[in-house]
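Next up: some structures, all given as structure tokens.
Two complexes are shown next, each including subunit A; its partner changes from subunit B in the first to subunit C in the second.
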Partner chain A sequence: MNNKKMSNYLWYLLVILVAAPFLFPLLWIVLASFKTQSQIVTSPPLWIFTPTLENYKSVFVDQQFSKFLFNSSVIAIGSTVLSLIIGLPAAYTISRYKQKVLGVFILLARLMPGIAYLIPWFMLFTKLGMVDTYSALIASHMLVGLPFIVWVMVNYFDGLPHELVEAAQVDGCTLQGAFMKIVLPLSGPGILTASTLAFLFSWNNFMFSLVLSSERTKTLPIAIYNFVSYAEVSWGSVMAATVVIILPAIILTMIFQRYIIKGLTAGAVKG
Partner chain B sequence: MTRFIERNIYWIFPLPAALFILSMMAFPVIYTMWISLTDWSMTSSGAAQFIGLQNYTNLFKDPRFYNSIKLTLYFTILAVGVETVLGVGIALILNRDFKGKNIVKGILLLPMVATPVAIGLAWTLFYEPTIGLGNYLLQLMGLPVSNWLASNTSVIPSLAIVDIWEWTPMVTLIVLAGLAALPNDPYEAAMVDGASQWQVFRYITLPLLSPTILVAVVLRGIDAFKTFDIIYTMTAGGPGFASETLNIYAYNLGFGYFKFGAASSALVALLALVLGSSLLVLWMRRSWDQ
Partner chain C sequence: MIKVVCEHVFKKFGSVIAVNDFNLEINDKEFIVIVGPSGCGKSTSLRMLAGLEEQTSGEFYISGQRVTDKQPRDRNIAMVFQNYALYPHMNVYGNMAFSLKIQGVDKQEIDRRVKEAAEILDISQYLDRKPKELSGGQRQRVALGRAIIREPAVFLMDEPLSNLDAKLRVQMRTEISKLHRRLGATTIYVTHDQIEAMTMADRIVVMKDGIIQQIADPQTVYDKPVNQFVASFMGMPPMNFLECSIKEQDGKLMFISEDLSITLPENWVSYLAGMKGQQINLGIRPENIVVDSSAHNIQAKVEVVEPLGSETLLHLRVGGQGLVVKAGPDYKPSVGEMIGITFEMNKAHVFSKETGITII
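Up next, the complex of A and B:
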């Protein structure tokens, strides 16, 4: 009895030891965001200190982070919604009619390094005068979100029984009607998974925004990167900015944890 | 109208997506290949000239190119290797039902969803030789301090550590899903036969798990190969060129020096490498299945 309890406690200790390294840096970032510059640079590190809000004030007031929050949100929501609109029907036919070639084609986009598209995109959007527009950024972010949505949804649709659609068709429903009225409502979990991940990937995107955005459409990752481009680095502000940018991701993760895990491991395990 | 849609849904449904991919992916890639055959650059006067394979000959003579391939391979193999071993190990530890399992899974997700640029900046502070936590922890453990990102020898491992921190959970979660899908029969048979824990692991778990582990390794390998955000943010390829992976090299050529022709040839080389390794893996998997 004692032995079993002991090994249980030890095992829980092991779990904590395993999980701690992944949590620790994030906790440190949050702590640092409430410190002053001198408090951050002291060594050994300060665990007990009076917190200050001046970093957050600097981030929102001096650095206009609300504008960047807005930009990132518009682009993330826009690219996710558009990717869903064109991706869901495509995923359905790929699953239903086994359109392997199209499927591979779309998935190829996941393989390719984003940088391979950047030069032509930059040229194209410059010619069209579309650099630093939401449209250009949304389109580029869609190239990351769309393949992912298709990947997740093809897997999901593969698991849906066709009888429901066939039954609806017998009742006089068109195939596209059945898709809208039966398949989609049943696909809630899959859509939730796919869109959460597509949103996150857009939110976190750096490379495309780096090249295609400028003052008007600057997104959060670029804004935070610009923090340290200047000589004097205010680490507190950087940490506060970090908290602001990863907070939506953390909240989404806590709410949709199950779906995110499903999405990230989709297709990895057979049966 | 609706009848038309229904009869042709086979191609109507996928059409927008296919067109989008064609215009945003296929044409740009083909166009990049075309540019790689010209000397187009923002600094040259006059229009771009067709110069055939000259960019490629320059590329293959450029030591920075070979350096970038070497560094890319070094980073990828180091990061993915450690992620695989750690990821599988952690999955094996966590593979039982316990209170708080969901909380642990949630914690594991956090490094993956946190914005890489921000994480990169935070780790830069962590790696700061004088004020950073990194050297403080090393000193606590009685180990010599390191220059982390500032030294040629430690920069790639330092970057790899960040990648490992970010993505080991991915391997763990995939392997956990795989473990959950394992059949019970072999284990029951092994228990009847009195097999030891190690034997069970070595002869049952590991073989059954290897397809899943392989998928995780491939997925991580592809993404690690393409790593850009953390490297660009933390070192921009430095110090010198000590962390200039192929990705960063191509980016520097294109958007640092604005030599689009040369950058495109580096990109085509990168694409060839990525496609080549993917095909290699697919071929290996096919022969594995037999």
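Up next, the complex of A and C:
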């Protein structure tokens, strides 16, 4: 019994040791977001202080962060939803008709370094007058989201017994009907995983947004980048803005972690 | 009048011919069982009839209508799958009502038919349960319920009992037979289990390597197999085969092999007289071999004794060849003992050694 307790303690100690290097910067960011500029740069770091909301006020009121938050949301939700609309039927088709080669081609689009697309896109979207539009940003973010959704969902659909769809077809469904009525309702965890991660890819995307957005469609990562000016770096605001950015990621991951792990390993082992 | 016709159906997977010239006419209310070892093309044939698999060539007709190019939903069929294929996100009621909802049948009518089918299958108390909360037998009943509720022209069943344990399988077998009698629906049932085929079928279709070997009622398939494959596939334990040659000794035609010589029955002589000197396979079922201490012409060595309670299976060796014999439950010779046996030659068969085709 004691041995078991002991090994439990050891286990937690190990977990803490591994997690600490990852969690410490996060903790530092959150604390710093509630500090004044001078408190932040104090060495050794202050652990006990009177928190201030000034940084958040500056971020949302002076820097119009709500606008960037809105832009990021529109682009992340837009690209995720569009990727789902295109990606789910595509993934199902690849899975059902065993078009693995097609799947690999789609993945190739994802494996290509994003930077390779940047210049052609910039030229294309400039010609089309689409730089600094939501459509251009959503389209560019789909380059990441769509292949990811297809890839995760192909594996997920492979794990569904195909007799279910056949039964639905015999029961009177078209293939599309069976997809809507049987396949999609059974794919909740997979869709949740794929869309959460696609959303986060878009939410965190820096490179495409940097080149293709401007004042009107500026997203959160670009806004933070703009905080760093020649004259000074307002660390408090940067930290507050960082918290705003990482909060949705953390919340989404916490809520869906169970499904995300399930979704990522879908089809790996027969359930 | 529901008649199902399969005409010259072929299915090729690349260079492999999975189904080779499948021809079958199924009469109204008939219960057809397609039986064969795994990979013989029986399931593929059924799936092509259902429209779930495309045939390479050939035609299907249901009730006189050509359905070859029709979608599964337009063929007026219902199918029961081996793994039940119940919709996991719907409860039993939802599973059974699904097809009627799609057809746009009104709610009251759906309710009436679901409850009626549930009553027939004795699953009324499970209507609000999800499939995962049911046992295998209950799931199979729901799958049957989902099929019968549609009142289709033809029921297709693809090894519906093979996921069940042995006892439940026997029980569900009789229930499906009862259900068929009650509904009188034309049914095509695929199985690899020859007992299911024997007990349920009006007619059996025996397949091997994509080719139909024999179509006949169960007793005919058992008593008059067209070839050695059918003879060995139907019956448990399977028919014994002894390699012999036909020779003339002392003016009589005999089956001769090592340690074995049997005089040909009178009525066979005219058939086999021309085959003198040729090799054949003599087929005899375990129940047609009699242990007889007074018999001296065939002496067999007991190798294994398997008492089954109702009977005893004896694994014997005659010369170099093995034989299985069904004996009475009280007969338990010791291993290594030599015993005398006789063959009931009027129940025996003779197969060509080259082609396996039945000669007698």
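To be clear about the criterion, the second predicted complex is superposed on the first by the 249 of 271 C-alpha atoms of A that agree within 3 Å, B and C clash if a C-alpha of one lies under 4 Å from a C-alpha of the other, contacts with A are read in each partner's own complex, and residues count from 1 in each chain.
Here is the rule we go by: a residue touches a chain if its C-beta (ideal position, glycine included) is under 8 Å from a C-beta of that chain, and two chains touch if they have at least 3 such contacts.
Owing to the predicted nature of the structure, the values given are computational and were not obtained by experimental measurement.
Colleague: Sharing subunit A, do subunit B and subunit C clash or fit in the superposition?
Modeller: fit
Colleague: Looking at A:105, would you say it contacts subunit B, subunit C, both, or neither? Reply first, second, both or neither.
Modeller: After superposition on chain A, A:105 lies in contact with subunit B alone.
Colleague: With both complexes superposed on chain A, which partner does A:246 reach: first (subunit B), second (subunit C), both or neither?
Modeller: first
Colleague: I'd like to know which partner A:174 touches here: subunit B for first, subunit C for second, both or neither.
Modeller: Both: A:174 reaches subunit B and subunit C.
Colleague: Between the C-alpha centres of subunit B and subunit C, what angle is found at the C-alpha centre of subunit A, to the nearest 10 degrees?
Modeller: Result: 90 degrees, to the nearest ten.
Colleague: Does the superposition put A:129 against subunit B (first), subunit C (second), both, or neither?
Modeller: So A:129 meets neither subunit B nor subunit C here.
Colleague: Per the contact definition in the header, classify A:186: touching subunit B only (first), subunit C only (second), both, or neither.
Modeller: So A:186 only meets subunit C here.
Colleague: Should A:211 be classified as contacting the first partner (subunit B), the second (subunit C), both, or neither?
Modeller: first
Colleague: Which partner, subunit B or subunit C, touches the larger number of subunit A residues?
Modeller: Of subunit B and subunit C, B contacts more residues of subunit A.
Colleague: Looking at A:159, would you say it contacts subunit B, subunit C, both, or neither? Reply first, second, both or neither.
Modeller: In the superposed model, A:159 contacts neither subunit B nor subunit C.
Colleague: Report, in whole Å, the shortest distance between any C-alpha atom of subunit B and any C-alpha atom of subunit C after the two complexes are superposed.
Modeller: 8
Colleague: Using the superposition on chain A as set up above, list the residues of subunit A that contact both subunit B and subunit C.
Modeller: 174, 177
Colleague: Can you list the subunit A residues touching subunit B in their complex?
Modeller: Residues in contact with subunit B: 12, 14-15, 18-19, 21-23, 25-26, 28-29, 32, 40-45, 85-87, 89-90, 92-94, 97, 99, 102, 105-106, 108-124, 139-140, 142-143, 146, 150, 174-177, 179, 200, 203-204, 206-207, 211, 220-221, 224-225, 227-228, 235, 238-239, 241-242, 245-246, 249-250, 252-254, 257, 260-261, 264-265, 267-271.
Colleague: Using the touch definition up top, name the residues of subunit C that touch subunit A in the complex.
Modeller: 50-52, 71-73, 77-79, 81-83, 85-89, 98-99, 102-103, 146, 150
Colleague: Within the complex, which stretch of subunit B touches subunit A?
Modeller: Within the complex, subunit B touches subunit A at residues 2-3, 5-6, 9-14, 16-18, 20-21, 24-25, 27-29, 31-32, 35, 90, 93-94, 98, 100, 102, 104-119, 121-126, 130-131, 133, 136, 165, 168-170, 173-174, 177-178, 181, 211-212, 215-216, 219, 222, 225-226, 228-229, 232-233, 247, 250-251, 254-255, 260, 263-264, 267, 270-271, 274-275, 278.
Colleague: Quick one: in the complex, what on subunit A touches subunit C?
Modeller: For subunit A paired with subunit C, touching residues are 161, 163-164, 166-174, 177, 182, 185-186.
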